[in-house]
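In what follows, structures are represented as structure tokens.
The two complexes that follow have subunit A in common; it is paired with subunit B in the first and with subunit C in the second.
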Partner chain A sequence: MNTIPYKHKMAAHCESGAVTSLLNNAGLDISEPLVFGISSGIFFAYFHKMKSFAFPTFIVRNKPGSIRNNLAKRLGIKFHAEKFNNPEEGMKRLDELLVKNIPVAVQVDFFYMDYLPEWERVHINVHFIVVVGKSGSKYIISDSYFPNLVELESASLRKARFAGGNMSPKGFFFYPEYIPKEIDYKKAILKGTKKACFYMLKIPIPFVGIKGIRMFARKIVEWPTFARDTEHLSHEIMKINILLEDQGTGGAGFRFMYATFLQQASVILGKPEWSELSKEMMEIGDGWREISLFAARIGKNRELGLDRLKELGNMLNGRADVEERFFRRLKNSI
Partner chain B sequence: MTKEPSPELKLEIKKMIIETLNITDIKPEDVDDEKPLFGSDNALTLDSVDAIEIIMALQRTYGIRIADQSLARYVIRSVNSIAEFILTEQEKNNL
Partner chain C sequence: MKEKDGTIDCPQQQVILFVEKEDGKYEPIQTGSYLTKNFLDDYELKRRHLEESLKKQVLLGKVSPIYYFMILEDLTLSELSSRAGIRKGKVRKHLEAAHFNAIPQETLQLYADVFNITVPDMLKILVVTSADSTNTNTGS
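What follows is the complex of A and B.
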């Protein structure tokens, strides 16, 4: 048996949670919201017609991998990362690192995390867990969605790391190999915030940021044209709730986590106005949660007429209005 | 240390859930304190839509915002866990 002494902690989101957990265990005292904010995690993009998606969808955070990459760049941290074509080699390499007492974050298909209840497990190829040891045929796992360390059969971990399909993990793993002794958090926070404001306000792509929320608001009435039947439409509308609340978003499409980031950043930067902005972001999050609930209700009750979809569109426009005002104020306060 | 949740608080929570979800065929006393609210073991068999309704009802009734969905999963798993969370949050706010 080889288990690395590891302090496990639950987190709101798997990628920011895994990054935070690895850094904390390597001796860096940083919170998950700070990791999220510094890496410009807050985001919005709406995809109406994309080859990779069979149905319109949206994202509320930057793309997988960006949290780690942006954080590394802004804090001067170096992560070692590897990908594999050969599962044997990928598993062997993981074992070698565990023998050296190096905890490793691995990308997996969420479905094979056998320690979670069956009803929670869906095929998502971009879940991150930290492997902290091995005992016989089982790996010891720190999963930020679970309250304590758990065991996972080697066969399940292998399937999870080498699952096929969209964004397949290909055995991807990473771990921190260098953490600077001195870190300029103030500079990193300001840079991360500036970039987030750019993504939300200025990026010249019509489906990203505030423009993306407005496009979503406009296009939601077209969703029935993509659906096979009412059942399908209902499922897709209810997915709005899942994407905002139930996929490790920290609640309200990451808005609550961003509010906590602003609160912590206000102390580090000595900017009391960011504490006020934090409260405002919490309220913005409440509005997103209302959207979640509304979508879940109309989906569940099959109330999917044009009037209901327009109502949903109006709620989304409301979020676009408040977020536009919010990010302008945030940008001006940097 | 957090005190033990009272039977009154647990009853209040059961009433809140039943009213929020507009359930007409189950009485608060039918709901078990410890058994999972999600799944088929309890009188209430709730789903993920009900979960978000309960999260928002907790915010309205007790002023508690469960921002973190992974935490929410554990908070709203049973009447007892909800009651314990309310007490813990109330104690934090009184500090």
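What follows is the complex of A and C.
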């Protein structure tokens, strides 16, 4: 089997990257920040204690799958999606689509992407890659986190698509089936932004949005009680940097990508005030970046006493304050 | 973030970062990971210490090799149970050294698949090397 002609491009995030890449290859000219913004990707949630996480953690984007679903709903795009109980059937179906020259985005456990360095690979069931061909026992993969097309052994892809655990992929895949000729971007941008403001300001869940950032700021001083030892705590504190920067955010926990969305949206909507808001979001992102670098530094130096954690908490509270003001202004500008 | 501040030379791990270009436009650039460039050695040091500490616990008969890999791979008991398709109560037992020898080969294979290793690889950590004996004896 050959590789489908496919323009591979790195992207900030795996799901918005896979969706953007599939749409671009299907002929729709849309940027990753627009996909992210229209689908209300910007988010925050803090999880202090959960069965599936070995340590407190947080997320900076909406629920996996929401980017595709929200975008489809708001732009009138139709994605064909399937899930499988039987791995054989799931792999066979994928092969059938590749024979028909259809590139397919599949949900996988990131851990089995063995073309990535070992230190990057963790068990997380919500990574998205695009399969663009098969050569012998290997699949040809377009992964937003890798500079080129890569090969992945069939056995690894199968394990990754059918891994168990929290948010198990169950062989899930999707590809665009219908893209409308005329798209009303203005309406979609406003709707996506309104929903993002709701998530950040109003959603009545104490660990989500601005309330979630404040909970994180409050609870970070309790992190030592979860750690096996100082090195474990250092590792977890440094993971703040990974979650905000390296784990596919475009920098500063998606805030830089959201600033880019607002800049592009201000032109589409003809709203110069959104250009000002985009600058403000870029500055907010700079503050998140400072948090990332601070976390990496105190982790590396093992400066993990209460005073340092309180300092980190204060920095987080600072982000909560500026984001609350920002999202109120954004909401009022819609 | 200005483009010059976001440019990091780290070919081992490339990422996309959205930055402000000189003309004021925000655009993506392909750059390197700040963390990998500056702190990979620290990550590797901590990982080595964790491996040594867990191996020592295995060799002293405090925990089983399943526990060793579960902690290394940052999995919870609940996640491991769900991924391997083995009841939580059984997994809890399998984490103890005392029950490890009674685990059937097929069950070991289920765990090995989750850890992406072979069963012989899993058992390798039960082999004492001279370095291990030194570590165990000195308690370092």
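Criterion: the second predicted complex is superposed on the first by the 331 of 334 C-alpha atoms of A that agree within 3 Å, B and C clash if a C-alpha of one lies under 4 Å from a C-alpha of the other, contacts with A are read in each partner's own complex, and residues count from 1 in each chain.
By definition in this document, a residue touches a chain if its C-beta (ideal position, glycine included) is under 8 Å from a C-beta of that chain, and two chains touch if they have at least 3 such contacts.
Since the structure is predicted, the reported quantities are computational estimates derived from the model, not experimental observations.
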Joint occupancy of subunit A by subunit B and subunit C, clash or fit: clash
First, second, both or neither for A:242, with subunit B first and subunit C second: both
Contacts of A:234 with subunit B and subunit C, given as first, second, both or neither: second
Which of subunit B and subunit C A:285 touches, first, second, both or neither: both
Touching partner for A:293 - first (subunit B), second (subunit C), both, neither: both
Partner chain(s) touched by A:16 [first = subunit B, second = subunit C, both, neither]: neither
Touched partner set for A:70, first subunit B, second subunit C, both or neither: neither
More subunit A residues in contact - subunit B or subunit C: C
Partner chain(s) touched by A:54 [first = subunit B, second = subunit C, both, neither]: second
Contacts of A:164 with subunit B and subunit C, given as first, second, both or neither: second
Overlapping segment of subunit C (options 24-32, 42-50 or 114-122) - the one that collides with subunit B in the superposed model: 24-32
Doubly contacted subunit A residues - partners subunit C and subunit B: 10-12, 119-120, 144-145, 147, 238, 241-242, 245-246, 248, 250-252, 256-257, 259-260, 282, 285-286, 289, 292-293, 296, 299-300
Subunit A to subunit C touching residues, read off their complex: 10-12, 32-33, 51-54, 111-112, 114, 117, 119-120, 122-123, 144-147, 159, 163-166, 168, 231-232, 234-235, 238, 241-242, 245-246, 248, 250-252, 256-257, 259-260, 263, 278, 282, 285-286, 289, 292-293, 296, 299-300
Residue ranges of subunit A in contact with subunit B within the complex: 10-12, 119-120, 144-145, 147, 238, 241-242, 245-246, 248-252, 256-257, 259-260, 282, 285-286, 289, 292-293, 296-297, 299-300
Subunit A partner contacts - residues on subunit C that touch it in the complex: 1, 6, 12-20, 25-28, 30, 33-36, 38-40, 42-44, 46-47, 49-50, 73-76, 78-79, 82-85, 113-114, 116
Sites on subunit B touched by subunit A in the complex: 38-39, 47-49, 52-53, 55-56, 59, 65-74
